[in-house]
Amino acid sequence: MAHTLRATLETFENTYPERDYQIEIVCPEFTSLCPKTGQPDFGTLTFTYTPDRLCVELKSLKLYLQHYRNEGIFYENITNRILDDLVSVVQPRRMKLVAAFSARGGITTTVTAVYPA
Amino acid sequence: MAHTLRATLETFENTYPERDYQIEIVCPEFTSLCPKTGQPDFGTLTFTYTPDRLCVELKSLKLYLQHYRNEGIFYENITNRILDDLVSVVQPRRMKLVAAFSARGGITTTVTAVYPA
Amino acid sequence: MAHTLRATLETFENTYPERDYQIEIVCPEFTSLCPKTGQPDFGTLTFTYTPDRLCVELKSLKLYLQHYRNEGIFYENITNRILDDLVSVVQPRRMKLVAAFSARGGITTTVTAVYPA
Amino acid sequence: MAHTLRATLETFENTYPERDYQIEIVCPEFTSLCPKTGQPDFGTLTFTYTPDRLCVELKSLKLYLQHYRNEGIFYENITNRILDDLVSVVQPRRMKLVAAFSARGGITTTVTAVYPA
Amino acid sequence: MAHTLRATLETFENTYPERDYQIEIVCPEFTSLCPKTGQPDFGTLTFTYTPDRLCVELKSLKLYLQHYRNEGIFYENITNRILDDLVSVVQPRRMKLVAAFSARGGITTTVTAVYPA
Amino acid sequence: MAHTLRATLETFENTYPERDYQIEIVCPEFTSLCPKTGQPDFGTLTFTYTPDRLCVELKSLKLYLQHYRNEGIFYENITNRILDDLVSVVQPRRMKLVAAFSARGGITTTVTAVYPA
Amino acid sequence: MAHTLRATLETFENTYPERDYQIEIVCPEFTSLCPKTGQPDFGTLTFTYTPDRLCVELKSLKLYLQHYRNEGIFYENITNRILDDLVSVVQPRRMKLVAAFSARGGITTTVTAVYPA
Amino acid sequence: MAHTLRATLETFENTYPERDYQIEIVCPEFTSLCPKTGQPDFGTLTFTYTPDRLCVELKSLKLYLQHYRNEGIFYENITNRILDDLVSVVQPRRMKLVAAFSARGGITTTVTAVYPA
Amino acid sequence: MAHTLRATLETFENTYPERDYQIEIVCPEFTSLCPKTGQPDFGTLTFTYTPDRLCVELKSLKLYLQHYRNEGIFYENITNRILDDLVSVVQPRRMKLVAAFSARGGITTTVTAVYPA
Amino acid sequence: MAHTLRATLETFENTYPERDYQIEIVCPEFTSLCPKTGQPDFGTLTFTYTPDRLCVELKSLKLYLQHYRNEGIFYENITNRILDDLVSVVQPRRMKLVAAFSARGGITTTVTAVYPA
């Protein structure tokens, strides 16, 4: 599914490519399913990136993230796969994704991945 | 329009040019229009700069920002264009602009640009 | 669907029925779909009730609320229908439901319903 | 203008008219102009009402409030006129409007009006 | 001085006298002098009133409060005298003044007066 | 076990029985076990009471609450049983117990019981 | 000691005795000793009173409270004795004392007493 | 006991070993006993690590931490021993453990240990 | 006026000159006048310095700052002139002054200057 | 007095000397007397240190700090002398002491000292 899903991400041209500037996008309404229990997970995804020639279009990002609503996927895979998809489509100079999930069993998990490593 | 608008920014002489000091100006009442939907956008602009020979005059900055009230413009362009205008008129040693916009579709965006790059 | 769904709510016996005491249950992970746009809605449901002979079993309440995850329903109907279901099954002396939804188009809505009216 | 503007407010049928319940709507992105100085004012409007046979449709409320964006009007008149318009169109059992405006000259003003008086 | 000072307060006509509504005005930049030590005092004055035929004009209120900047006056007298002046000029249906002063010697004082008693 | 446990609560004489005053005691370190799963539960217990002839001794209250550390007991029973024990030993004029438990499965529960009912 | 200590409280004349107004005094730097262990206790005392013919002088209140710095006294007695002293000297129409002490053994205590009962 | 306890920690394979990313796990419900007094201690443990080939399984971590519930152990030893156990089983590239304990005798302690040193 | 004013600052000997330590002084009650409008400005000044042979005496600093109460002076000049005065009198190893002023026209300004540059 | 007082600090052996880890101890209940006025001062002391072969025993630290309760001493001397005493007895690899005192005359002071310099 990954490649089809990735194709739903749209971009627009960066009109200031000569400047190395930063865009932060906070998505507090991410939800997916736990692959073990089928129970819903909830989280806040924060993207911070420096665009090169493309910027991610916000509405397509919102719809892309909604595809996870009924998918079973682990926290670590959510973070790494979404970062891979964004990097592949937007080809930024740098991108960080911080995924902060709500508590389960009294324990809270946040996964952070950065491109390039 | 850009050059005419830029001309409305006024400056006054920096009386301590021998010291490398910093001025932070927070403008929480910025509003413009989304060029796609025509809907109002709202944001907080934070300028941080080190003056060289000129400082920006606050009232002219306020009036300059009000010119965007009924203009359709994307977040990334707001940030870069306003930074360009301020740098052009004030010619600071350094300047950063952080533009934090309120949530749209559950997603919040903040754009940060710095001069010199 | 309403009656079948209602049947998934389970109860246990109130062991202190002679005392008029109060139970508050906060569920910050409620999500449903907007019937107009199909977009996800998110909210926090807060139940406050005085049990008579029955208390609501928390795990069944959680599963009951998860049935709304992919259902299109308006804020006002969510609140009134869920209150009706809980009152019907738990038969409390009093119950209040406050449903606070996250912002849409910059506007936040909270619906409050009480039994008995 | 008032009657034309009022006509832009839309309603939908309250499906639970037999219950006396409450809807709170918070609009933090209200802006108008000061009739004296022409400077923008900013405020948060909070409506709290008990519907009778009609509920206010949120998107039309948002568009209705945007009509004040370039209109010069005093705080007290904003609050009373908007309450009058909402009451006239929605015909609620009760409605309160709290309008909290941002500081001007170091002074913050909040106006609260209630229907019926 | 009291009567001369009082005369500086200006009013405008209440355009909704038939409705019993409330106006809250928060002034966080009040300062006067301690009559014992001559040291500056700082406080936040919060007026809450229901206008009858007149509303207080905000700019004149600001200037009126600035007259206390270099006057020696006790907390209790500030609160009662300012309430008396406002009531005398605005003739409201009801008015409350809460004056919260910053800490002196590790002790914080707030004085609250209401009209009519 | 209940009666033996209750006997561990100690009191001291109220030296101001002629005044109807109030004592609030907040215990944020309560922990017990879920009788279904054996998993630990955590909560904050807040007692608010008006003493008659006796006050509860704080150290004995702390030790009394620690007896629940390894006991399996439901939220509703914790609240009602502890209130009964305190009322029985301290014989207050009034007592309220608010027991706020930490989230389980994303759901937070608070139980409030009052004496006399 | 009580009567000697009480004598250190000073008053000044209430210049607005015809109005029933309220004075709140917050003293966050109260400290005394635990009579059992000799360990220091810390608390915030909040007085709220309506003066009749006298107001308490703040500096004398501060010095009065400092007399408890090296005295062993229980929370309940601190609250009731200080309220009695203030009432005796100031003879207010109404007075409330809320004494909030810092945590001991993970438990926090607040004592509230009111005059007249 | 240490080695047996350590054996209860389970792992799963890191599916993104080629990326140097970070996982933060916050456990606010840690409790153990003071070895001197037998009194319960409470704390929040925050693990931050970069996985190599293995990730720690959250449920096994939760159960592992619950083994300390009735064990007497000092703050410094809790932190170092738990870090040692996690490092031994998970073999991360880097791991930090911050253990923040609740106040005792008005004093709060936080211990931080890092691997590799 | 500057040199006379500077002379009011008093110092005391640093008794630990062999250690490079830091003193932070926060003054939230600074007020001066706007030289353009004559209106009062309010701000919080935060000094952070490493003393060499002298420390600034706090009471003289308070009185020194009060001299600006009725003086018209711009934000940038306040910050630089006060830093110059302190550096001249105290001769610290390092000193930073952060001057955060309250909002004017919806815009907040903070000026930061450091010695040596 | 200093050397006798220092002798009251007790230590215990660091059982993980091979690891360079950090212990933070927050003491919000420090109080001493102003040597000029005799008035009580209040502050929060935060120690952050890396133990070598010894750790400071918390109860002895608490009692050591209580010796300052009735001693007249300036803020700068409190901080430097207590750091010296701790360093002398515990012989840590590194230690920082941040002493934040409550406001006096509207001014707040924080002193920070570090070992080794």
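Letters A, B, C, D, E, F, G, H, I and J mark the chains as written, and numbering starts fresh at 1 in each.
We take it that a contact is a pair of C-beta atoms (placed from the backbone, for glycine too) under 8 Å apart; a residue touches a chain by one contact, two chains touch by 3 or more.
In this text the structure is predicted, and so the values were computed from the model without any measurement.
> Which chains does chain D share as contact partners with chain I?
Looking at chain I and chain D together, the chains touching each of them are B, E.
> For chain F versus chain G, which are copies of one sequence, does the interface use mostly the same residue numbers on each side, meaning over half shared, or is it different?
Mostly different residues.
> Rounded to a whole Å, what is the gap between the Cα centroids of chain E and chain H?
Taking the mean C-alpha position of each chain, the two centres sit 57 Å apart.
> Suppose each chain is reduced to the average of its Cα coordinates; what separation in Å results between chain B and chain J?
From the centre of chain B to the centre of chain J is 46 Å.
> CA centre of chain B versus CA centre of chain C: separation in Å?
Their C-alpha centroids are separated by 46 Å.
> Can you pull out the residues of chain H that are in contact with at least two other chains?
Within chain H, the residues that touch at least two other chains are 28-29, 39, 42, 102, 104-106.
> Looking at the whole structure, which two-chain pairs count as touching?
Here the touching chain pairs work out to A-B, A-C, A-F, A-H, B-C, B-D, B-I, C-D, C-F, D-E, D-I, E-G, E-I, E-J, F-G, F-H, G-H, G-J, H-J, I-J.
> Taking the touch rule as given, give the residues of chain I at its contact with chain J in the complex, in rising order.
14-16, 18-29, 51, 55, 58-59, 61-62
> Show which residues of chain H lie in contact with chain G when the two form their complex.
On the chain H side, the touching residues are 39, 42, 102-106.
> Enumerate the contact residues on chain G facing chain F in the complex.
Result: residues 75-77, 79-80, 104-114, 117 of chain G touch chain F.
> Under the touch definition given earlier, write down the residues of chain C that touch chain A in their complex.
Chain C residues touching chain A: 28-29, 31, 39-40, 42, 66, 69-70, 102.
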